[in-house]
Amino acid sequence: MVKVGIIGAGRIGKVHAESICTRVKNAKLKIIADPFMSDETEAWAKGMGVEQVTKDYKEILQDEEIEAVIICSSTDTHSAISVEAIETGKHVFCEKPIDHDIEKIKQVMEALKKTEVKYQVGFNRRFDHNFKAVKDAVANGKIGDPHIIKVTSRDPEPPSAEYVKVSGGMFLDMTIHDFDMVRFLAGCDATEIYVQSAVLVDDAIGEAGDVDTAVITLQMENGAIAVIDNSRKAVYGYDQRAEVFGSRGMVATANDSLSTAVISNEQGVTGEKPLYFFLERYMDSFGEEMKQFIEAIENNLDTPLGVIDGLKPVLMGLAAKKSVEEHRPVNISEISF
Amino acid sequence: MVKVGIIGAGRIGKVHAESICTRVKNAKLKIIADPFMSDETEAWAKGMGVEQVTKDYKEILQDEEIEAVIICSSTDTHSAISVEAIETGKHVFCEKPIDHDIEKIKQVMEALKKTEVKYQVGFNRRFDHNFKAVKDAVANGKIGDPHIIKVTSRDPEPPSAEYVKVSGGMFLDMTIHDFDMVRFLAGCDATEIYVQSAVLVDDAIGEAGDVDTAVITLQMENGAIAVIDNSRKAVYGYDQRAEVFGSRGMVATANDSLSTAVISNEQGVTGEKPLYFFLERYMDSFGEEMKQFIEAIENNLDTPLGVIDGLKPVLMGLAAKKSVEEHRPVNISEISF
Amino acid sequence: MVKVGIIGAGRIGKVHAESICTRVKNAKLKIIADPFMSDETEAWAKGMGVEQVTKDYKEILQDEEIEAVIICSSTDTHSAISVEAIETGKHVFCEKPIDHDIEKIKQVMEALKKTEVKYQVGFNRRFDHNFKAVKDAVANGKIGDPHIIKVTSRDPEPPSAEYVKVSGGMFLDMTIHDFDMVRFLAGCDATEIYVQSAVLVDDAIGEAGDVDTAVITLQMENGAIAVIDNSRKAVYGYDQRAEVFGSRGMVATANDSLSTAVISNEQGVTGEKPLYFFLERYMDSFGEEMKQFIEAIENNLDTPLGVIDGLKPVLMGLAAKKSVEEHRPVNISEISF
Amino acid sequence: MVKVGIIGAGRIGKVHAESICTRVKNAKLKIIADPFMSDETEAWAKGMGVEQVTKDYKEILQDEEIEAVIICSSTDTHSAISVEAIETGKHVFCEKPIDHDIEKIKQVMEALKKTEVKYQVGFNRRFDHNFKAVKDAVANGKIGDPHIIKVTSRDPEPPSAEYVKVSGGMFLDMTIHDFDMVRFLAGCDATEIYVQSAVLVDDAIGEAGDVDTAVITLQMENGAIAVIDNSRKAVYGYDQRAEVFGSRGMVATANDSLSTAVISNEQGVTGEKPLYFFLERYMDSFGEEMKQFIEAIENNLDTPLGVIDGLKPVLMGLAAKKSVEEHRPVNISEISF
């Protein structure tokens, strides 16, 4: 039984807490820390059998029973708490992104070099049933050598301009998942990136210095070409698809919806919209990533996504920004690291 | 917090136990009883935080803290334990069927008349996302007046001849779910039934006096005609579909599968098979029926499926048997009750 | 080059005329006869290069160059003109049904016994791309032994009560195609039939002594059970599907529509309705049946559908009527022949 | 009745000939010219009722009865014959591309300035049922303002290296259709293009100086971003899809296949491959473009695709080549015209 502490009891912290309590057999959630711990959150935690709640995450790090820490605090604290947790010998699951600043990710990498603790980054989509099926088809040779990789990723609603300003921009906030997905499906890194982007959804996003629509082309190390299309607003829901085309065939996914029911009437033949919200769409994947994190600890295995997998999509995001600024294809190696 | 006891720790008992522990917020599983309680089962129960395990279900009935009982014992004990639990004032969730013998179901009905306890029967498919979407479309008038109701229900693997002998036959063992579904979708009862059946899957089933393939036509009270097609063996998995056609349109479902991934290659365009096993196909529905049972207790509501809903499909199953024996349409009222 | 005459220039006569002129390479349409031949029809015929039009079909039978006759006149004349054409040594393609009266079909059978001319009945759906694909899958063993055969056949609009009165009733007018389809897909005859029917679409149909909704169960000679569901009115268009389930799998079709375009918006994910009208849905099949008729003549082959294939669905239709009247399963052999 | 001559009796010339003879009511094909006119071709032409065949296309231009000319000769003769035909006052339907050389297209444009003859270019895909449905959805505002336009266009088999050498390269030979499609769906021109391309299908194509795989990003005048993905070889058949995503929704097409039949068995749920060959996939569109050409003549309307629509995709193709050579986004205006 791996005893776990969660740092940050916001939306994603709660998701991980519930996963550990209901879906992960070999883990026990002992402590939850949040600087703004409310009575309501405390009641929720106690209802799940969590022993202890605190406003001070250091209580988790100091607790000798705690083997693993789940970092769900605000993004700007991920890297510092990661380093701190690593140095106290805790295994770390860190929500994405580790940081937008490469230097800070490097500090986490440095801290990890000195220890044997496990480190996993929260790119949960790799654990989604649909994307996993695509990856498996590619990995099992079902489609031969990959030639073209396509990822469609469109949010149901744009963020506020306030959020946009502190988010690091669409490429580091939203596309970062797609960058990880492209690496996952290709089984290799990107070498070059070109972005065609626009502000078509909300002028306020443009005024905040960001874009809301993009088509991103990537040259992959294995020769394949990848393309991501992003929008901050798909009125029909959360559009999350992938397609890999190769020398022996193609694998492609459709969206998930609430049911398979289809109504035929005078208006046409109508099925349900894609699931609207990332939590309902990806709930199972959050449980699965946590399972694999705990298994890696128990069986002393590599985590499925290490610190390098947290770094690479940030490099890609920074290269994407540079491509937009300089309106040209940018080699990933141009991003100093 | 409704304190609950489960009687019977077999496959379905375990499903309900896990539902209560991980999916039903306002219930607490206190005791699990099973005459063959093993060390392994005990460890599993303790791991979920169950206080007490026992070989004697009477301990549950005698426990004053226990408000509700989930009966998952062998079918032949359902009615007797139901009566016993009702008489001790416990709310009862009883797995389907209550009994194959109408007289015994009547005894449960009699017991219920004298009390205010809640009684729910475990026709879980009503709580499935796909079938619920069909029902909602019908109930909301999306397809107008129902004219034709079609239920396809095919198991992935036939039962053993031994099981067939004690099962009450396909109509009471397997089709009983479909009889409930037809009532649910039509929103009314059947008045007449005609069965065309055959032994096409396994001769041993025929030798055991049963059939393994059937097309069953039902006249519904509201004028609609329903048709169920059953097979004990669909090599591609568990085939569970419904279609309702009416004056203003049609609603139909497809099967669920593990992912939406589709592979296109020289052989064709291939998607995943339907989920193979009823537990993976219907897992969420088991949680949902339990949630609604607990809610009915907490808020003093009618349960979504009362004892009468347990009775009617048995009457339909007995009428189906009679239709086969006498090779003619049988009015449900011919089954003495 | 097979020279052909068409008797009857109504809707279906025109379809066959256009097929011969544009799709059948080895046939030449020489004469079209229709008692109500209009100037418009004459112009249309001449525009296609037809040499001669006439009000008197006997001119076709007397023309020595004519090798084959397509009978598209009113149903009550099919059998008499068939006999007449056979006796003058012409090959005959006769629209379905040959007649509703078994005696008259027998006369055609008698006439054929004395000659070597080809005779084909116009059950065009056998030549449809979708139904042919189902048949091929069954015939090639892709689904093993057939266990359950399902045909859904729903018209987009009900006929007028006036038409209903002279139509022979739904089973001989509409279901007759489905009876042929069941024989085609099963590869054998039905032995018994049971009908559950209702008047749910239009009371005037009931007042005219007919039904408009039915579920029809058939026992097939090879052990399979077939079920047809019919409605005279599907508001979403012409619903024409088939499914064959067997020991090694299932083959099923969906409807055809005008395009594969699907619109996702706030209302859902909406594709096009099925094609509305039988002529647009089945146009290619009319060309294909005609091609095969001409090929049978040219290469002295059996036609794909002989007079017996014209007879059997009529027997099934009469048995269906008897089943409704006597409210019981009826053996096809009860229909005296 | 518009009398028509066809210049060039190769594959596409034959398609247009058959369209005119069987699908276009108001046109009559009088003469077919081909320098390599064979006996077989002559017999085929006569069989369709064509009056005259010749090796010399000038006979068509000199025939005063001929109102319209269909140019299906080799690409390098398209522009010169176009000019010649225009100057003799014939309406012209010219197969795509008019030429790869902008100067030669300009000569056609100059010739047209002096006359009133109709000129149409053979981008047949605009007349395809699926792409037309997408265009209609966009044009009718069903998806709001277009934001992202995606065209997938993959051939079933790569051309020979010999063909590649004379083809003008993939962008002018194959992608040219997709460039037209992007203009058609967007309803405006592209301003800039960026190409990521590779040789992944056949090294011989690379040795011939061409590419066989590409992802092409286009900035459209209306603000939308378009992306085309191309491959010279999709083993599963001819992959021809489009998707337009906008402020109010998305419209997308799937491929056409021979039937809707789907087989479910132990291997999965398998539908038919996309139609393999462009002639079977697009046959109806060839008939439709010809109908509209003849209608434009008869009713003195603009043709649906004028000479400018023949020019623009060539400019885009040349810009694409430049983007590959210079590895940067290229403004279409950089292509001198």
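Letters A, B, C and D mark the chains as written, and numbering starts fresh at 1 in each.
Just so we're on the same page, a contact is a pair of C-beta atoms (placed from the backbone, for glycine too) under 8 Å apart; a residue touches a chain by one contact, two chains touch by 3 or more.
As the structure is a prediction and not an experimental result, all values here were calculated from the model.
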| item | value |
| --- | --- |
| Far-end chain from chain B, centres as C-alpha averages | D |
| Cα superposition angle of chain B on its copy chain C, in degrees to the nearest 5 | 180 |
| Interchain centroid distance [CA atoms averaged], chain A/chain D, Å | 43 |
| Distance from the mean Cα position of chain B to that of chain A, given in whole angstrom | 39 |
| Interchain centroid distance [CA atoms averaged], chain A/chain C, Å | 58 |
| Residue list for chain C, restricted to those that touch at least two other chains | 234-236, 239, 248-250, 264-266, 272 |
| Parts of chain B lying in touch with chain A, wherever the complex brings them together | 21-23, 25, 47, 49, 129-130, 132-134, 137, 142-143, 248-256, 258-266, 272 |
| Complex contacts: residues of chain A adjacent to chain C | 234-237, 239, 257, 264-274 |
| Of chain C, residues touching chain B in the complex | 145, 147-148, 150, 154, 194, 196-198, 200-201, 213-215, 217-219, 223-227, 229, 231, 233-236, 239, 245, 247-250, 327-329 |
